[in-house]
Amino acid sequence: MARTIIPFGPQHPVFPEPLHLKLVLEDEIVKEAVPALGYVHRGLEMLADIRDYHQMIQICERVCGICSTIHAQCYCQGIEELMGIEVPARAKFLRVIWAEIHRVQSHLLWLGLFADAFGFESLFMQCWKIRERVMDINEATGGNRVNVSVNIIGGVKRDLAPDMTRWILSELDLVEQEVKRLEKVLLHDYTVKKRTVGKGVLTKDQALELGAVGPTLRGSGVAQDIRQLGYAAYGDLSYTPVVAKDGDAYSRNRVRFLETYQAIALVREAISKLPPGEISVKVKGKPEGEIVSRVEQPRGELMYYIKGNGKKNLDRLRIRTPTFANIPPLLSMLPGIELADVPVIVLSIDPCISCTER
Amino acid sequence: MLNTLLFVLILGPFIAAALCFVVRIRHIRSFIVLAMACLLAAASLLLFVKGPFSHTPPSLLGIPTHWWILWGDDILLFTMLYYGFKHRHLLTKILVIFQIVCLDYFELFMVDHSKTFPLFVADNLSLIMVLIISIVGSLICVFAIPYMDKHEEKEGFQKSRQPKFFAFLVVIMGAMNGLVLSNNIIFMYMFFEVTTLGSFMLISYDRSEIALRNAVRALWMNCLAGAAFIVAMVCAYVTQGTVDAQKLIQAGHMGGIMLTPLALLCFAGLAKAAQIPFQSWLLGAMVAPTPTSALLHSSTMVKAGVYIALRFAPGYAGTFLSQCLAVYGAFTFLAASAMAVSQSNGKKILAYSTIGNLGLIFACAGINTPEAITAGILLIIFHAFSKALLFLCVGDIEQHIGSRDIEFMRGLYAKMPRTAIVALLGIITMMLPPFGVLLSKWMAIEAASKHLFVMVLLAVGSSLMVMYWARWAGILLSAPYGSQVTPERQGVLTRLPLLVLVGGAVVLSLCAPLLYSNLVAPILSAPSFSVRAGIFDNPTGAFLLYPVILVLGLGFICALYAARKARKARTSGPYLSGAQTKDPECFEGPMRKPVAVSSQIYYFESIFGEQRLTVWFNIFGGMFLALLIGGAL
Amino acid sequence: MTEGIIVFNMTPNVLRNFFSKSATRLYPKETRETFGNVRGELYNKIEACIFCRTCARKCPSQCITVDTKEATWQCDPFVCVYCGVCVENCPKKCLYQKNEYRKPAIEKEVIFMKGEIKKEKTEEDQQEK
Amino acid sequence: MKEEVISVTPDTLGNKIAEMKKNGYRFVTMSCVELDSDTVDILYHFDKNLELAHFRLTIPKNEAAPSISPVYFAAFLVENEIQDQFGIRFDGLAIDYNRTLYLEEEVQRAPYCRITVSNVEGSEGD
Amino acid sequence: MIRGAILVTIGVVVAPLLGGLIAGVDRRLTAWFQSRYGPPVWQPFFDVMKLFGKEKLVVNGWQVFCAYIYITAAMLSVVLFFLQSDLLLILFVQAVGAIFLVIGAFSATSPYSQVGANRELIQILTYEPLIILAFVGIYLVTGSFKISQVLLQTKPLLASLPLLYIALCYALTIKLRKSPFDFSTSHHAHQELVKGFLTEYSGPYLALVEIGHWYEVVLILGLCSLFWATSWIGIIVLVGLTYLCEILIDNTMARMTWRWMLGYVWTIGLAMSFVNLIWLHGR
Amino acid sequence: MDTIKTFIRKSRIKSPWLLHFDCGSCNGCDIEVLACLTPVYDIERFGIINVGNPKHADLLLVTGTVNHRNKKVLGNLAEQMPEPKIVVALGSCGLSGGVFREAYNVIGGVDKIIPVDVYVPGCPPKPEAIIDGVVTGLAKFAQKKGDTS
């Protein structure tokens, strides 16, 4: 029987990013989905050859425009570990603050896009409206809405003054209030549940076997989060992973939604415990040796493999981003679903192609 | 004059059939068929001009007519019995033997042949039927001449089976003419049985295993109809003492005494018209060459079924039977439309559409108001033209592209633009205003509006119908991007019937007011509509036929003009998310491989899957039938 | 999980939106003051520049060209990613970023500045050597 | 690296990987590093309850490495990536993009092999 | 005669203007519901005029043909409405347009357009029975399918046809292409099918389709107005409230799938219609 | 006739429908484009709708670097847009390749493939800057001749 074959992307209105899927359908049921990548591949890991290891911070930050600061943080932590640099405590807390603010921003962004994927336009608008407050915090603290560029090797380059932290807290209160108003919609609305519950189920075993990370993994009932390792200042903060057990799009949605509250709480706690002191130390020498550095991005575990050889250019920089790890699980979810659910399920892993392909 | 016309219309085809069978030279056979087609068409027109009549022709060769009939019946039934034995089909044997016994006893010992009454009576309904049978049927026969040559060539038969094929093709037309003109129900019965045998022979034409199986199925189901017919005759004679159809109708249901024969007659009609649960024989008939299907579906055979129901409609007006028939017909309409949705086989879609439309006609007969009867009669006319046209188109397309699957008709416009347009017109005349089928449907729906249940069934059914037609129409027009449209070559004997039929389908729709006021209105108990300036009007509603035609026609001309002008516009391939390759209908897929896009229409197997639905619908249909007969007993 | 299934949960939110002022900033009709330390357009107070090339070397985007002989400082604002690294590293603090963003342009452009050679060398420059 | 890196050979790799899977390790990723003009290191990273484990496979560039994607399906993506970037071939890939995962015809050489260009043509395969 | 001419003019000229205005107000209100400022209410007219000024770009000539038939049929159905003609006839004429639009979509090889066309057919399949049954309800109350008879009523139809009105609102939501039923095409095309069955229509032809859509909106709102045709205030209140509800529903619901729609609307919608009809019948 | 032409011209700048193509951006620019659609910036005020279909679009917003794979897509999209149209390149990446312009798979800015009408610098440009870019583009748009018949 003839089948419908659709190119889903690279340019497609539901995915801002050039994700390309070849979809084979029968009566709108997906029979086969094969991804084609490479539309965003730049080859930026190779830039380590011509940029020194300080300049690479800016490149790493631009692996992705949504969790920019966390990339820089991961990279800096890796180099610091290689070179044996001890970062001042205040810097560690500041890193957490910016990272968690980014997480709030990223999750709100995702909640909106997710809503748009199932055609809930006003919800999309609402999420993004709330998100603008967080973007303002970014711009006010880092000087740019997206690439806050605060991380440097040895610490951070900007500090938060007390009146700034006070303002951040008051803004976050407003954000939290508004997010709370969406709880009834995103977690309990009939139409939302109808479109998400039971869609794209990934069982716990599958999730582990296929190497899922982040909310995709936690949505399948595995309480695993790199923040449990206590890097930066997480060891001093109260943190337990948010978990949902059903493994469907709804569970992943639930995890992210609740993590938004959690991230706000973490920022509050970090600000309240913010120690005084220096924000960076001077760096001497060149990195040598190899290291794996991991942090938790909004989308999950981010891993940098860094190999230095005592020169100012790194020998090898390899970035394994969360979406890269979540694509095999995604492929296992697609067959058998409806065409209309393709955007919902693809978005449910919060895909970021730009960092997947680098 | 009348005698000659009747002779030509009824016996002419039989003689032509005999000639076809005997003279085994292709060209002569073609000539005979052509000549007979012309003759039939001319005779039907002449008969039509003469108008309604009651007439008893002189007996043939001095032998009383009823003897001819008896012999004819016996020959027929014994032939059927022979095939029953040949194919070892028990049910057929039982049914045929039952008929032989009943019929012979009835004719020899019960019927008083000395009573005289006009043997042939024609009112407008009969005349319309004769016209349809003779003209549409003849066109199909003409189309069959080149078609069968190609068909046999393709199938690679050693020995041509065309003589037999054409013989039965024309015989059916004669039988149908006889059926609709007869006033003696024994005559009716005989002609009824001729069509049964004829269809059996035509369906089994290919002699493949499946063809034989389907033919036998058609045979026993129609024998069941025949058996019901005989029982009805006997009952009717017992209560009324006559076999005069006019008298039986006038007698009405007589407080229920006459209801049993009427119900049985309806049953015979329903089985013959392949209403659920008998649809399988008509679907099976698809294995025969397309002209057979066209003939069985449009102007003959199944139309015999609805003809009987309509003919006897006044007899059961206002009874439970009538109510039941209305619901049953509407149910069939819905069921057939639903099942058509899951089909991709073009002929099967047409078959289900036929069943559905016949259901609608039965529903009209059941509703039994003047509006409903008007709707039913008009539907017979318009349906015949459009359906014959569509079948012939599918046949022609199948011979060109090698498939009757509508999925494979994508891009047809590029390969066979003329046929594609003709088929498109056929589809549009089946479903959209201002064309006749829709006009009749409108009448039917308005007439049904008091019958809630019927109404709901019709409303849902007609939407389903729109669905399967619309997508087919769309597919016919799809052409690969930037393709060169090259008109196909067609022989004159292929093109002529198509053109006449499409012309008929369109022009007759325009003449609907004339048809109504001159043909239909006179036979109604009360006029259902007032027609002025092409506007059908009655207190229930109004159909502004001519104004709608005028505006849509103007729009059509503008649209054509604009489409022509748009040829100069820049063209661009379909949107493929920006990934299209040099070939604009391929996109660059994974591994840099070009992937040709393709589309499939939705068959909703999970909702409208044929097999699942068939089971349920057969159960429902059977229940309705039981109710229909049981209620009448 | 105790949540019931309810429809129209979004209603309070949209009604609140409906009855309150829209969140829209009517840019460009109304403009909002930018935050204090925003990293906007990049400029050089060329009088102070000593053409030490630190900025050019440190720039991760390699968009600054300094000609020590001709005493020119050139930056491609279409390549610059406004990261501020050059500003932080300039020994003379002559580079600065405005709070405003650079305006869109119809043509490609470069920032070209010509200054005068000053005799003194910076520490850092010597260090690098 | 903080954790121990266990060296494996193409022959022992299969067993090791199967063992990891049996012990419930999650596949994290692989990293490929060019060592010199002829050899590369392929590192396999695994994780169990946030504990990392690494294997190191050192192989010549023009020799095909065994694919672990039949065991850990998730590895197919990174193996294809390495094929693209280093020109190394993997045997038995679950889905083989045949060096087209990221790259178009325009990028002729394996971009991550900076030390030699000469071997690349040979290792580009069919 | 003069009255007829005036009504025809209203149908042909005023209806699209009204439809465009409604679309503009709709976009503005939607924006307000989303805490946005929104476009000017004249925006739809700018859009259409701009489209008329665009380059003609076609995938195949049949789409052009279909766009013209669509607008003709839509216009005719509105004219018939203003001429107080037969309700069923109006529906059928309107269907000509809807069907031709689908045929046009099928005639292009774009898979988005094809899938959209299939979905549009399902939508037609879903709303047509509801509208027909609403008309039967009207018939049962007035004894006729003619609008002229409806206007002679002294009691608003809504009183006897409340459930049918709700069922009609389902049809209205589908026709207006609003959430949860905006899956064959939607106004802003942020969906899995790009612009669904309108994907391949562009420039002036898209403008025609847009104007045709305005006609349809006026028609279907007109049908709603029949339910309180006894007074102008009634009409305005009923239609205004209905439309406001539509916008609200659009903004408080996710887009559902056609499988859900077919199941839901057919069971709930047909059941409500049937209950209402039986109640009428029994009266 | 002339009034109609003027009205069409006027409509053109009042109703630029937008097509956004992420040509390998880091998402920074992308998300800012999306942010423009949302309540705080609401570019629908200018009649802008994100249509996501080149055949309906007047305004092509491109973010990100051009690479060997997406250059074909970029060309295809521009080709499928009916005249008159304008192309706005966003962010350092879209203008020149930005920080990535020396990476091996990066060709450079958008103007390497299709003519660009407006360049909006920034990394990423703020939504305000994107609005400015669009407004600048519209001024140019009104001048473009197209099929005004």
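Chains here go by letter, A, B, C, D, E and F, matching the order in which they are written, and residues are numbered from 1 within each.
Following the convention adopted for this analysis, a contact is a pair of C-beta atoms (placed from the backbone, for glycine too) under 8 Å apart; a residue touches a chain by one contact, two chains touch by 3 or more.
This one's a predicted model, so the numbers in the text were calculated from it and none came from an experiment.
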item: Chain-contact steps, minimal, separating subunit D from subunit C; value: 2
item: Least step count from subunit D to subunit F, where 1 means the two chains touch; value: 1
item: Maximum inter-chain contact count - chain pair; value: B-E
item: Chain located farthest away, centre of subunit F as origin (C-alpha); value: B
item: Chain of greatest Cα-centre distance to subunit A; value: B
item: Most centrally placed chain - per-chain CA mean versus overall CA mean; value: E
item: Chain centre separation (subunit A, subunit B; CA means) in Å; value: 65
item: Distance from subunit F to subunit A - Cα centre to Cα centre, in angstrom; value: 27
item: Distance from subunit C to subunit B - Cα centre to Cα centre, in angstrom; value: 78
item: Centre-of-Cα separation between subunit C and subunit A, whole angstrom; value: 25
item: Touching two or more other chains - residue numbers and ranges from subunit D; value: 100, 102-104, 111
item: Interface hub residues of subunit B, defined as touching at least two other chains; value: 570, 572-573, 575-579, 588, 590-591, 597-599, 602
item: Junction residues of subunit E, two or more chains touched; value: 31, 33-38, 55-57, 111-112, 114-115, 118, 188-190, 194, 199-200, 251-253
item: Full enumeration of touching chain pairs; value: A-B, A-C, A-D, A-E, A-F, B-D, B-E, B-F, C-E, C-F, D-F, E-F
item: For the subunit F and subunit B complex, residues of the former touching the latter; value: 21, 53-55, 72-74, 76-77, 79-80, 82
item: Partner subunit D, residues of subunit F touching it in the complex; value: 68-69, 104-105
item: Parts of subunit B lying in touch with subunit D, wherever the complex brings them together; value: 590-592
item: Subunit C residues touching subunit A - in the complex, by the definition given at the top; value: 3-10, 12-14, 17, 23, 34-39, 58-61, 81-85, 88, 97
item: Touch list for subunit B against partner subunit F, complex; value: 570, 572-573, 575, 577-580, 588
